[in-house]
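Listed after this line are the structures, all set down as structure tokens.
In the two complexes below, chain A is the common chain; its partner is chain B in one and chain C in the other.
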Partner chain A sequence: MNSNRQAILRIIGYSIFCAAILAVPLFVDDAYLLNKFARYLVFGILSLALSLSWGYAGILNLGQAVSFGLGSYCMAMALKLRTIPIQTGAGGLPDFMVWNNVKTLPWFWQPFHSYTFAIFAGIAVPTVVAFLLGWFVFRARVNGVYIAIITLAMLVVINLVIIDQQSYTGGFNGITDLTTLTLFGIAFDAYSTATYYLAAITLSLCLFLGLAFVNSKTGLILQAIRDDETRVWYFGYDVAAYQNFIFCVSAAIAGFAGMLYTLVMEFASPTFLGVPISLSIVIWCAVGGRSSLVGSALGAIVVTGVQGSLSETPAFLDIWMLIMGALFIFVVLFLPNGIISLVDVIARSRARHSRDTAAEPIQAAKRSEAISRQSVSR
Partner chain B sequence: MEGKNFLELKKIAVEFSGFQAVSDLDLDVAKGELRCLIGPNGAGKTTALDVICGKVKPKAGQITLNGQDITRLPEYRIARRGVGRKFQVPSFFRELSVRDNLEVAYCKRLGVFSNVVRFRRGAETDGLEKLAELVGLQDFLDQPAGFLSHGQTQWLEIALLLAQNSELILMDEPTAGMTSQETMHTAKIFNALKGRHTLVVVEHDMAFVREISDIITVMHQGKVLAEGRAADIQSDPQVMEAYLGSGGILHA
Partner chain C sequence: MSVIIPQLSVGLSIASILLIVALGLAIIYGTMGVINLAHGEFVMLGAYAVWFLQTYLGIGLIACLLLVFAFVGGVGWLVERLLIRHLYKRPLDTILATWGVGVILQQTIRLSVGPELRYVKMPDFLTSSVHFFGYEESAYRIFIFVLAVALVLITYFLFFRTEFGLRLRAVTQNPEIARCFGINAGLTYSLTFAYGAGLAGIAGSLVSPLKSVSPDMGTPYVVDAFLVVVVGGVQSLLGTVASSYLIGQVSGVLAFISNDTMAKALVFFGVVVLIRLFPRGLFAMRVRRS
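What follows is the complex of A and B.
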């Protein structure tokens, strides 16, 4: 009908969402709660990243946590090197390296003395990993469920490598006892409003940049690829390049979310790139609405929020998993496009209501006129 | 570039795990010509289109477009050289609106990065609206393409090819499922395209073929059986024999 009005409504909706998450610290004083909410927002960013590749381009990445974990480790490495009591051994070695008889700081740890490098790496490393995998997968025209299997396998491999290389990665324990990140004179303590705002502003930026992106021509072509990949090749587009591009963008955002997660949790752990979290992202995305950026972010916040409050309430201690399961089944059965589709459902039923009363005869007349207009006008 | 021919197939052979779908196929199409490919089922007509657009790679032979060898190019590079293809099974983007479908097809720059900063709803969409009018879809521009009827999807596909604006357009059964009135409308559009575009059309509907064709190529069992104007083809004894099993060429 009028796509302009729809676009404006969407921008208003996104603005309300962003205003709401930015306003939370005004009403919440409790540092513990704020930290919890910041965690949910980070999951929201992560879920949004998957929505870009899965919802908009049809690439079901079950290894999204690879990017998340790598970003998290990059940040943790930089913070670890600045921790004061690390000097249990010679040359300012992190404690776990000393326990593992490492004598000198490995070469790939060296550049993490610089925050600038660490933040760059937190985005670049996941992107490069995604690019290399994407190069092989998309050039070979692998699609559908096979991408899911390959990315899941990749996740398991990287997870094992990180656990196995205990002397360089801290193994099962991950990297703990971190200092607080201080940038431009602001200390991003896990329980501070600064960290919450960092997460909220990042999510807001991702939402609006993402919205602009999916409305660009590249965004449109990606959606066409999702619908019918083969057809797009025959229009002359290099489909593999488009797929790899969105795969990398998604990885970069997930990497950034991983860095934020280290700040919020104050450690990095191999569980951050574990299978459970990676599959959870898919669930968040599906529950919220995978082909809506704000929907997928909302899905992550709602699911982890409900999960958190149920599992902490004594009454639900035994059955909270059942309730979560029921929620998923309900959404899959009745809202296949996610919670966010409620907005569409309501809008459509209202529109139908007003159209039924007034415009139906006009529509029918227009349609028959269109059919009878058979002459070529040139 | 040598000679008059825009598209040349030389001794093309295609094999599907032992089955010889096309063998020794020669086809020359002049610039601006509309060539019809007809033949009984299994004659290799669709395979011939597949080979030209790069969907299927030939086992032997050479394809040149505008004098350049395109035999071994991947399909998207062939498309960039100016080859557009309509498939037998309607294939378009169901979840996108009709307008968005056309916008995907209409593109001057095909790179990822050049399209990131390009936003839709530009001035260029005016042309797309005219195009939608030409095929009678102007009232459906903002509807998801998945809601269109079968006949309308055929129109949409024709519009997609027009939006893509390829020099060479390959059509596989464009009028399948159309009413005779719609078929004649399609014939008018095709006749208007002649000259500016080169077309290769696979079709069963002889009334339609007679309406649009200059030269008809009849294929049978993966080879060219006859070539000529409609009247000559219909009186060709070989063609009549090939068609005997399937009701005869005059059936339509």
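What follows is the complex of A and C.
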């Protein structure tokens, strides 16, 4: 059957991609480059998380950076507490706390002495925040547009709060001067292959687990919710619960990506929770292909890769943002399913009468109808 | 008591600015279902326009207002003609497209004028304070309040007492039937979008002497304005007015008790809880599922 063939082709495609990213350290020796690539991979994971929530469930989370930032701060807090005493000031307090006249370590910093807690928190904190917001918003059954605005508002608020509470969070400068994470005997230095492999393995795992998930029953129900929410309610499903679920899953993945990012960048900053980066995540996902896991990851990797290879100066970044804005509008108008949809169109125009069970059943059906109509009239 | 009156008036002026911004946004969203994330950038453009007119042409703030309305309205017209009209069937995509427009506008200003802060002078006759029931109040803030009320009244008049307003309301209710009656829906949409954008521009010019002008000053406004629309309810002029004063006052009071950031956070939480209880907003006129 053609759908089986499509599934096999997809798995092959994903495997090639994962093999490629895992093979990179074999060809690249430069630690600085490896660190850059690890960064792009982390963005890929982030973009994948958004694609799960947006492309597959129709929830446009404009505040994806919240989960990302919270995860990265959790890891940073744990690492900061382990930084060699000469950098943490008297009594084991992080330096910025000493500068802000904080006398004792606040209660919410205490548990971060343990790595287990920190890693757990890096995933749990964004998930809990997402769950709480989702409980209010999805139960209210407001339309998708409101959800987008509210997530954006949450992003702005949390960003402001973190900058404001500088005695507890390092404020504008974030948490810097971090030690290296050493777990199970491996030192995850930012420039080591260990960190790169961690990112690559995480991305590969997320891709395959994600692929299995979206083709599972839950995944199909979520796609149905994206296409017609009201109808799914009438079928008797608790749509709000499903939406909240994927919202939390997406937050958890983004939180983990945030922790990886702290390892790669060696600091955590409020810019990780800012509007520019949240906008970038949406752009990567839209450009790459919001309804395709590998597409969104590719979108992130390619866009940040091109940006990184051209320049990193502030002047260029401004022009780059301008180009990104224009590209974004172009993609929204003409390529709503991202660049990866071009691959799909080419593949499908070869197999004329295929029926695709992939991400956009209605659109796919229309497309193959149009193609068959074309072939008949020829 | 001596603390309450000044507090009330600060809340009043926050609310008035919020109202002017939210009014434009609510009009655009209520009429066309378009979420305009570039609205904050329209506010920013208004502020820069005033700065430009003042610095290079020496025109005072009050005289600028009409020019700024026309200028930003014109930008809004272009955006609608070139971009928005292709996206009426796809509401989520209009968010993205308008966000892209916002980014382009912001970066254009940043690259052409530069990212440094710019300053606009307040008109001289408004810098004094006015004695009001025994309390000093900045004349400028009173001016903002008066202008906000005037704009609401003008909008009400425009929508409910003119032929354009009649056409607009017809197109909002049912564009197809309105077209059958010979109404040019496309033109109506463009004019409405331009009007909303123009209002944002005016808000920007009013706020420019109070806060410095920078390329990224717009984003907080669009987020706040949307919260106002979410709380007030769509297609309700009264709802927009009421919820901007509600949110403005609450923000002012909370900011007084703690600080600006905490006030914003608490207002946000309040809105999230409110939306759970009143998903259509406090003053919803129509129950429309989109």
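Heads up, the rule we're going with is that the second predicted complex is superposed on the first by the 320 of 378 C-alpha atoms of A that agree within 3 Å, B and C clash if a C-alpha of one lies under 4 Å from a C-alpha of the other, contacts with A are read in each partner's own complex, and residues count from 1 in each chain.
Throughout what follows, a contact is a pair of C-beta atoms (placed from the backbone, for glycine too) under 8 Å apart; a residue touches a chain by one contact, two chains touch by 3 or more.
Remember, predicted model here, so these are calculated numbers, not experimental data.
J.: Give one of first, second, both or neither to describe whether A:Leu60 is in contact with chain B, with chain C, with both, or with none.
T.: A:Leu60 contacts chain C only, not chain B.
J.: Scan A:Thr218 for contacts with chain B and chain C and give back first, second, both or neither.
T.: First partner only.
J.: I'd like to know which partner A:Trp233 touches here: chain B for first, chain C for second, both or neither.
T.: The first partner, chain B, only.
J.: Tell me the contact category for A:Ala326 with respect to chain B and chain C: first, second, both or neither.
T.: Only chain C; A:Ala326 stays clear of chain B.
J.: Should A:Ala241 be classified as contacting the first partner (chain B), the second (chain C), both, or neither?
T.: Once the two structures are laid over each other on A, A:Ala241 reaches chain B alone.
J.: Go through the superposed model and pick first if A:Val282 touches only chain B, second if only chain C, both, or neither.
T.: second
J.: Have a look at where A:Ile150 lands relative to chain B and chain C in the superposition and call it first, second, both or neither.
T.: second
J.: Following superposition on chain A, which residues of chain A contact chain B and also contact chain C?
T.: 230
J.: In the complex formed with chain A, which residues of chain C make contact?
T.: Within the complex, chain C touches chain A at residues 35, 83, 86-87, 90-93, 95-97, 99-104, 106-108, 110-111, 115, 219-220, 223, 226-227, 230, 259, 261-262, 264-265, 268, 271-273, 275-276, 279, 289-290.
J.: Looking at the complex, which residues from chain A come into contact with chain C?
T.: By the definition above, chain A touches chain C via 58, 60, 62, 133, 136-137, 139-146, 148-150, 152-154, 156-158, 160-161, 163-164, 230, 275, 279, 282, 286, 318-319, 321-322, 324-326, 328-329, 332-333, 336.
J.: Applying the document's contact rule, which stretches of chain A touch chain B when the two form their complex?
T.: Residues 1-4, 212-213, 215-218, 220-221, 223-224, 226-228, 230-239, 241-242, 245, 366-367, 370-371, 373-374, 376-378 of chain A touch chain B in their complex.
J.: For the complex, which residues does chain B have touching chain A?
T.: Against chain A, the touching part of chain B is residues 53, 55, 75-77, 79-80, 84-85, 87, 91-97, 100-101, 103-105, 107, 110-112, 115-121, 133-134, 136, 138-139, 142, 164, 181-182, 185, 188-189, 192.
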